[in-house]
Amino acid sequence: MALDKNQIAQRIAREVRDGMYVNLGIGIPTLVANYIPDGVNVVLQSENGLLGIGPFPFEGEEDPDLINAGKQTITTVPGSAFFDSALSFGMIRAGKVDLTILGAMEVADNGDIANWKIPGKMVKGMGGAMDLVASAKNIIVAMQHVNPKGESKLLPACTLPITGVRCVKKIVTELAVLEVTPNDGFRLIERAPGVSVDEIKQKTIGRLIVEGDVPEMKF
Amino acid sequence: MALDKNQIAQRIAREVRDGMYVNLGIGIPTLVANYIPDGVNVVLQSENGLLGIGPFPFEGEEDPDLINAGKQTITTVPGSAFFDSALSFGMIRAGKVDLTILGAMEVADNGDIANWKIPGKMVKGMGGAMDLVASAKNIIVAMQHVNPKGESKLLPACTLPITGVRCVKKIVTELAVLEVTPNDGFRLIERAPGVSVDEIKQKTIGRLIVEGDVPEMKF
Amino acid sequence: MNKKVADAHEAIRDIEDNMVLALGGFGLCGIPENCIAALVEKGVKGLTCISNNAGVDDFGIGLMLQQKQVRKMISSYVGENAEFERQLLSGELEVDLIPQGTLATRLMAAGYGMPVIFTPAGVGTEVAQGKEVRNFNGKDYLMEYAFDPAFSIVKAWKGDTHGNLVFRATSRNFNPLVAMAGKITIAEVEELVPAGELNPDHIHLPGIYVHRIFQGSSYEKRIEQRTFRKKS
Amino acid sequence: MNKKVADAHEAIRDIEDNMVLALGGFGLCGIPENCIAALVEKGVKGLTCISNNAGVDDFGIGLMLQQKQVRKMISSYVGENAEFERQLLSGELEVDLIPQGTLATRLMAAGYGMPVIFTPAGVGTEVAQGKEVRNFNGKDYLMEYAFDPAFSIVKAWKGDTHGNLVFRATSRNFNPLVAMAGKITIAEVEELVPAGELNPDHIHLPGIYVHRIFQGSSYEKRIEQRTFRKKS
């Protein structure tokens, strides 16, 4: 059975290691914070100038001066630090953020990602996405395997304007976990419980590498 | 009569305008702070990370964490701010420091300055001098007109390795105040009390422009 | 060294039609509310605004868009603004979309006297069109130019009469960088104190970058996405 | 996210011969006294030290020079050090003199992931030899590369177990920049506090740049030029 959004987040949370600095994008990536195991200490970065994102504030305690990159009211955790936007992207550019988790419209089998612009639609802007994908050491994409029309989002080449080149390392969808090997394509490493390799093959247009038995995810 | 060091500083102090941010080099330039008229509010920058240098501390109140670029213990004035060395030179490079006053070994009549290195002698380094002369909007040099051997320090071209090119705007020596017009040479604008134009001519090897009566400085 | 002016109207008195302005803030967080209101009242037109976002329909730079005062936005993200979309589609408004880190660093570069910076953001994308690409240590970078706004307008939590600024939490964001970049920089603050009252170790932006400062009033500090937990 | 180590010896345990280190401080102000002592005791040799100054004969990096542990200094000013002069003239020691602002900005560039910066400092001088000169807006600039030290060693006033650092007065100087540049960054602090005790608005360097932190001891904080007024 295909994963729901929370299960995708839960699966991605297993990629997070103790001591990591992590930037979480809007949407499913934000949910990852809820599934980081006890004993795995990570610091969440918000690119608008905070290391140490905490949970949402209690009702009535929202602080307009304290928001995340999605403009939501948040809190901080002990050990947090504020800084300006240039230092924030400076630490991203310098590779100090260990892991970036973000959504995508399309991923190509060489690791290219498209997630900022759909021709013909009003373009809202790339925000910090281009900076993040150009510099992060490790990028995991959280997305649906197919678009609402049922078309694969894992492609031989992006059809939409790209956000960054050869940068995605791993993809977690409702159907599968895939590693990107830029020269060889998507390597299937896990499948959702009850989802067949055939279904994944059928919904993946980009080059797909399937070797041996592909284990099912366990929850 | 030739000016003493304090009078050179006193004369330079007249170039300081209300509202200026000023960087003072080591030696005579440091003395300028003593002669800034009441009502002329300036902020002194220390390139090791301070805006708002105050007087030396009282004996026994020296703070090892609070020094100027000459490594002397100092104090701050109300409205001061501390910052790191990159921002310090950033504000210099961006032209936010209005006036730089520093010493020199030689000045050429096109505004080149040499003040960091004597071939054959142990070189101590340029410190912040190259950054300051490359970026300051207004540079005034405080120096003796001739070196200890009696040779002019105002030259057609520097003989020592230069610190910066075509940057000095004005020179105050024990004999004269001169403006540098990079294409035409040193323009004599004032002479020390009792010092003749002939003496200044004789001690200036670079091109010297003398027009009309040259007024005496008044103290 | 007293940089205090009476209010937003005096602070923006010489901002004229067709100028390039940079404005601080991220979303509606840390935006110069008083100066924006004064610009709307003054009615200057044809402005180019460098600002990470463009406000919402009825707040922030959105108020200037409503009055058709803006000719061009230079931003990283301009969502959540119907009037913006209408003007953009009708061709009344230009927009230059720039990666957020590039925007921040081009402002900082101005304040540090650096003519250009190199960043990998946008390499291989349409953002790279027409730009110099250069490889350093095996990685490609785009050359991006420092901004040069005529006026910068920022909002701080506290400031003193020398122009020293202190920000609060994530309302710092672009504000110090915008402040650095302006030929003339205007700061509005929630609390203006005499020189000497701020701890010089706590100052986020030294006053040398600020030319005019005033204590703002009636801050609304609107929240764009109010998210919260219930107390259990 | 606990980065605390026991002491300087543990912090520098894997610094080896012939490595490139960056060290914070200006003159003797804000120097990592404990780590320097530990490096002297460990006796590593052939080091390249990026540091604005080289200490005095019997303090700071001068202590490492006495033990002939340094092969090369990269500094802006190295006066006031007789042993330094002797080693330099005898050819035992190399020195690379760099304008102070260039030194600071090349460290910062590393921390901001910028491969190069452009500065006018040194244009037309011997510092420009062999360097790319480029004209922007009518002014010449030198292209200077980011530093890439294996280890950075800094001294702060306070720090927390996440590595967040707070500096005091002009002892900030090069310390945050050096801290940004290191592949591994060691911070020694006068007071180490638990995460949460520092005000997040007062932190000068976020802990993401710091890998090991410890509370130093026996700080001498020597004054290089004691200048004072008499009380009248």
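Chains here go by letter, A, B, C and D, matching the order in which they are written, and residues are numbered from 1 within each.
Methods note: a contact is a pair of C-beta atoms (placed from the backbone, for glycine too) under 8 Å apart; a residue touches a chain by one contact, two chains touch by 3 or more.
Computed from a prediction, not measured in an experiment: that's the story for all the values here.
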Field: Chains touching both chain A and chain C, listed by label
entry: D
- line: Contacting chain C as well as chain D are chains A, B
Message: Of the pairs B-C and B-D, which shows more C-beta pairs in contact?
response: B-D
Query: Hey, which chain ends up farthest from chain B, C-alpha centres compared?
result: A
- prompt: Any idea how many Å lie between the Cα centroids of chain A and chain D?
  reply: 37
Query: How many angstrom lie between the CA centroids of chain B and chain D, rounded to a whole number?
result: 29
Query: If you average the CA atoms of chain A and of chain B, how many Å lie between those two points?
result: 56
Chain C, residues touching no fewer than two other chains: 105, 112-114, 119-120, 167-169, 172, 200-201
Field: Junction residues of chain A - those touching two or more other chains
entry: 50, 76, 82-83, 86, 90, 92-93, 135
Query: Is the way these chains touch best called a line, a ring, a star, complete, or other?
result: other
Field: Inter-chain touch pairs (all)
entry: A-C, A-D, B-C, B-D, C-D
Message: Applying the document's contact rule, which stretches of chain A touch chain D when the two form their complex?
response: 19, 21, 41-43, 45, 50-52, 76-83, 86-87, 90-97, 135
Chain D residues within the chain B interface of the complex: 26-30, 52, 75-79, 85, 88-89, 97, 99-105, 107-108, 119-127, 157, 167-177, 204, 221-231
- line: Within the complex, chain D is touched by chain B residues 46-50, 55-68, 70-74, 76, 82-86, 88-90, 92-93, 112, 122-131, 134-135, 161-165
Query: How about chain C: which of its residues touch chain D in the complex?
result: 105, 112-120, 136-137, 139, 141, 166-169, 172, 200-202
Message: List the residues on chain D that touch chain A in their complex, please.
response: 1-2, 110-114, 160-162, 164, 180, 194-196, 198, 200-201, 203, 206-209
